[in-house]
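Next come two complexes built around chain A: one with chain B, the other with chain C.
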Partner chain A sequence: MGDALAKLMELRDDPFSMARGWKERTGGKAVGFFCCLASEEIIHAAGALPVRITGENRVTSKSGAHLQSYCCSLARTSLDMALTGDLDFIDGTVFVHTCDTMQRLSDIWRLNAGYAFHGDVVLPVRFEGDAALEYMREELASFRQRVSDNIGPVDDSALVESIKLYNRNRELLSELYRLRREDPGIIPSDEALWLVASSALMEKSEHNALLEGVIEDLKGASSDGSDAKVRLFAAGSVMDQWDFLKMVEDVGGTIVDDDFCTGHRYFDAEVPVDVDPIEGIARRLADRGSCPCKYLPSRDRAGCLLDRAGEAGARGAVFFQFKFCDPHSFDYPYIKKALDEEGIPSLHLEIEHDSVSTEQLRTRVEALLETIRGC
Partner chain B sequence: MTAEERKLYVKIQATEQMKQLITDYYIGAKTAEGTDKPICWITSGGPVEFLIAMDVIPIYPENHGAMCGASRMSVELAEVAERMGFSRDLCSYARGDIGSAVTKGGPIGGLPKPDFLLACNNICGTVFKWYQELARYFDVPMFLMDTPFIHKIKTEHAAEYVRQQCLELVSFLEEQTGKEFLEERFAEVAMLSVEAVDLWKQVLVTAEHKPSPFTCFDAFIHMAPIVTLRGTQQVVEYYKLLKDEMLQRIEEGVSAIPEEKYRLIWDNIPIWYEMRNLGNLFASNNACLVADTYTTAWAVDIRIDEPLTSMADAYTKIYLNISIDIMIEQLLNLIQRYDADGLVMHSNRSCKPYSLGQYDLAHEVTDKTGKPVLIVEADMTDSRVYSEAQTRERVEAFIESLG
Partner chain C sequence: MPVAGVDIGSLTAKAVILDDGRTIGKSLVMTGHNSRVAGRKALDLALMDAGLEEGGLGRIIATGYGRLSADFSSENVTEITCHARGAHATHPEARTVIDLGGQDSKAIAIDENGRVVDFVMNDKCAAGTGRFLEVMAGALEVELDDLGGISLKSESPAPVSSACTVFAESEVISRVAEGVSKVDIIAGIHQAIASRIYAMSVRIPVNERIIITGGVARNIGVVRALEKRFETDIIIPEMPQHMGALGAALIARERAG
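Here is the complex of A and B:
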């Protein structure tokens, strides 16, 4: 393991240490956000650090007074983190319109968590058509204004700089995925996915520098024969279960490409830089093909995922989602059917942050791998 | 109905007319299947006036879902969808509807096949995913009317976006039906809709009277026409009739339940399969549910002078598309208007936009008014998650606590 990778891996056990350290060093503000549709560039250009909150494995103590048990554990554990003071380093939060749960969580959070800044970005649900794109631009512009008023000025030149930094990060992460498609054995899936997830937890320029180091090292590396592992494609919302991923590798599988919002969706598509920055950000969001919360009638999500699974040489697929997640649950049967028609075996796993049992999942992953090997 | 139940309720005469209206509507819709009369499935909060103005038959899977629930057929239909891979945790209207679409099952042998679909996400994000599945299953086009959620204030650009979509919807319908959209016709329909909604509101407020002439369980049944047929003359006539009957009750001193001692507000969608039992349970404890947050969802204002703009506005502002703060205001308002003694909340597993936030709402209500709140855990049509015994116990204890 190279130095840069080792340094990043060290941070995995305490994901918010980076943000805390950054605040201490710079005295800047940290802004929590949930969804990768949040336009981090705008927050970053205001001089703040966007920090992604994705829940964590814990038994909740305080959120149960606000959220029913049939709410996804991402929302329940995130709120619990806020209410117990574990997010005391953040100065504000941004909610983007995605699912019904997030929409209500925003209100509950605003009424109970009490951070200085609360930003709602009510992006359209339609991501196609002139009216929707016009509305999206207006909403992003209004968000930029609110950030300027409450956090720090967001002028054009700063925004363009941030966009470049973020685009560079996207380029590097795409490169990482490309290298893994060629030779997945150079770095296990849990580490590769942490390279993406960590990007949303630390200052982008630092992350870029570390990523450059990692990629440099990986380019030189090769894993003789380690492509013996079964290549898998995975889909879901947030992937934050490192033990699960390690287990997949242990039993002989490897996730070569994915449709996680802390994975490929995070860095998919770049912001065009030859247009007005807000226009550019809007275009990128609409270009990203695959969010189940958004309506993209001209694109067939299952088809796109199948194509990518094919390019990755995946022989099986894993749906990994949180229980009570409506958007992903609705898409599952249709994507599963498309996989079946192509003869790609798949596995559907549902977890909750407060009761993860890697052991139970192990048997099911093993069974999937056996099916694939038997094919 | 047993003799004992009969004593607990005074029967609403207009019910027969309402049943006839709904039966005729479903027969009309079913016989239109396969003819050249276009059929569109639409969500309960959708702008149906456009369809009526274009002579399209609107079909409401949610109303059908309520029917399936009330006749206790939802579970078997939901199980069909579950076998197709749809999670048991998804909205049971959606599961039941997908199950019914595939098997033609349910109390009326399924709904007539749609020629196209109109989903409006002012009630939830579920409808958009659900209709996407229907679009794939029936292989028909779908129009999504996207009404941005209102967290605090409604923005200008959101209003403009919805208005633009109304225009797009017009083009979509012209394309689907091959007919021209006539503004005068639309204004007529909108006017009828306003009139019906207004009458419906007048019906609902008769419950301000003490004792109340009807309960929200009656409202749940009598809301069917305002959901499915608003924009037509028949509905206007029907609500005139119902309103007169309620006013007459007030005049004659007739109350919905024999002895109204407590007045309560209901929050969330009814527990359809349990309506009668619950109604009796409250009535036998002298508690009248005088108002609810659900049936008022159709009590929106539309301005005649600018039907399209105000329609876009009205459809964006409905109860499920607003933030908890605005919901709190509306709830407090209901409690005050109807002089209620407490609030009963149905924590409905199926419906996250309606249910998440209820704990905070409950807390606020008690905090601001001192009135108690009962939260009942259930599902509107999936009876597998409901415990009758437990609910009975809790309701009785709650009413006892009212003193």
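Here is the complex of A and C:
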């Protein structure tokens, strides 16, 4: 393991240490966000640090009083982190309307978490077409104004610089995925996915510098051509279950490409830089491949995922979903059908942050691998 | 050379010894708290049954949730693959295996060669498992093994709406308080299990014929309720609890060459 990778891996056990450290060093503000549709560039251009909140494995103590039992564990554990003071370093939070739970959580959060800044970004459900683009431009401009008023001024030149920094990060992460498609053995899935997840937890320029080091090392690395593990494609929302990913590697599988919002969806598509920055951010959202929370009529999500699974040489697929996640559950049957028609075996796993049982999942993953190998 | 399959389940551990494709020894013991010890005991008893010493065995394959704890096997295979293989060996016409074990339930779609095509398992919920029936038998003060026979006498099964072990138990107690007969309550419980298993199973392609494995297959009331729900006859193999161990032994034989 190279120095840059080792440095990033050290941070995995304490994901918010980077944000805390940055605040101490700079005295700047940290703004929490949940969804990868939140326009981090705007927050960044205001001089603040966008920090992604994705819940954590914990037994909740305080959030149960505010949420219905059918809310996903992402909402449940994140709110618990806020209510127990574990997010005391953040100065505000941004919510994007992606599903009913997140929309309701925004209100509950605003009333109970007590952070100085609260932003809602209500994007259209349908991303394509002139009307959608105009709506997105206006909503993003309005969000920029709220950030300017509450966090710090967002001028055009700062926004353009932030966009360049973020685009560079997307370029580097795309390169990481390309290298893994060529030779997945150079870095295990859990480390590769942490490289993406950590990007949303630290200052982008620092992450870019580390990522450049990691990619340089990986370019020179080789797993001796021993592509022995079964290549898998995985889909879901947040992937922060490192023990699960390590287990998949242990039993002989590797996730070569994915459709996680803390994975490929996070860095998919770059912001065009030859247009007005807000226009560019809006266009990127519509240019991204697929998202279960948004509707892109011209694109067939199952077809997109199948194409990517094919390019990755995946022999099987794993759906990794949080219990009660409506958008993903709604898409699952038709994506599963498309995989079945292509003869790609798949596995549907449903988990919750507050009761992860990796051993129980092991049997299912092993059985999938046995099915693929024809054991 | 004889081979063995050892299936260490949550409730019971089973072993099957095969010689030339024929079962020459088998055993079943309670798993208890130590799955490694239970697996060893099951293997020893099966060896005794077959009149063999351990040295006389070729390959041993472990399966079941305790498979990783087995120190006597060189390999382990999941119970999903093993149940499919065991069921196919005894009933090649089977295309769907419904395995109702001590603490989990699963449906497995298999092809004409006994290979797994797709499968689905219960999550943490114990509904439809042996544990669920144990709790219900306890609540009704009926022997576990008598549940099946009793329920067949029912002419109007009492509706038990919830298949959740905890909720169903309180619902059953309410029915008892209402004066509903045990016969009808038990038949209602079996129907609730069948509905639950049906709802889980149809997430994979369910093709005929269906075979049931695992300890719950010994409950004729559950099997009849499942037949009604799936609208087809279900095969009950001779040794439903040993299907996983048999499958493991068959894989051991294949791998032994």
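In the analysis below, the second predicted complex is superposed on the first by the 373 of 375 C-alpha atoms of A that agree within 3 Å, B and C clash if a C-alpha of one lies under 4 Å from a C-alpha of the other, contacts with A are read in each partner's own complex, and residues count from 1 in each chain.
Basically, contacts are C-beta pairs under 8 Å (C-beta built on N, C-alpha and C of every residue); 3 or more make two chains touch, one makes a residue touch a chain.
This one's a predicted model, so the numbers in the text were calculated from it and none came from an experiment.
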After superposition on the shared chain, which partner residues are touched by A:116: those of chain B (first), chain C (second), both, or neither? neither
Touch check for A:363: first (chain B), second (chain C), both, or neither? second
Comparing the two partners chain B and chain C, which touches a greater set of residues in chain A: B
Examine A:345 and indicate which partner it touches, taking first as chain B and second as chain C; both and neither are also allowed. second
Would you sort A:355 into first (chain B), second (chain C), both or neither based on which partner it touches? second
What is the contact status of A:103 with respect to chain B (first) and chain C (second): first, second, both, or neither? first
Could you tell me if A:371 is touching chain B, chain C, both of them or neither one (first, second, both, neither)? second
Per the contact definition in the header, classify A:71: touching chain B only (first), chain C only (second), both, or neither. first
Residues on chain A in contact with chain B in one complex and with chain C in the other? 348, 350
Seen from chain A, its contact residues with chain B in the complex are 65-68, 70-71, 97-101, 103-108, 111-112, 120, 122, 124-126, 129-132, 134-135, 138-139, 142, 292-293, 295, 297, 323-324, 326-327, 329-334, 336-337, 348, 350
Residues on chain A engaged by chain C in the complex (per definition of touch): 340, 345, 348, 350, 355, 357, 360, 363-364, 366-367, 370-371, 374-375
Under the touch definition given earlier, write down the residues of chain B that touch chain A in their complex. 84-87, 89-91, 94, 121, 124-126, 128-130, 132-133, 136, 142, 144, 146, 148-149, 151-152, 155, 157-158, 160-161, 164-165, 168, 323-325, 347, 349, 352-353, 355-360, 377
In the complex, go through chain C and note every residue touching chain A. 65, 77-81, 115-121, 123-124, 203, 251
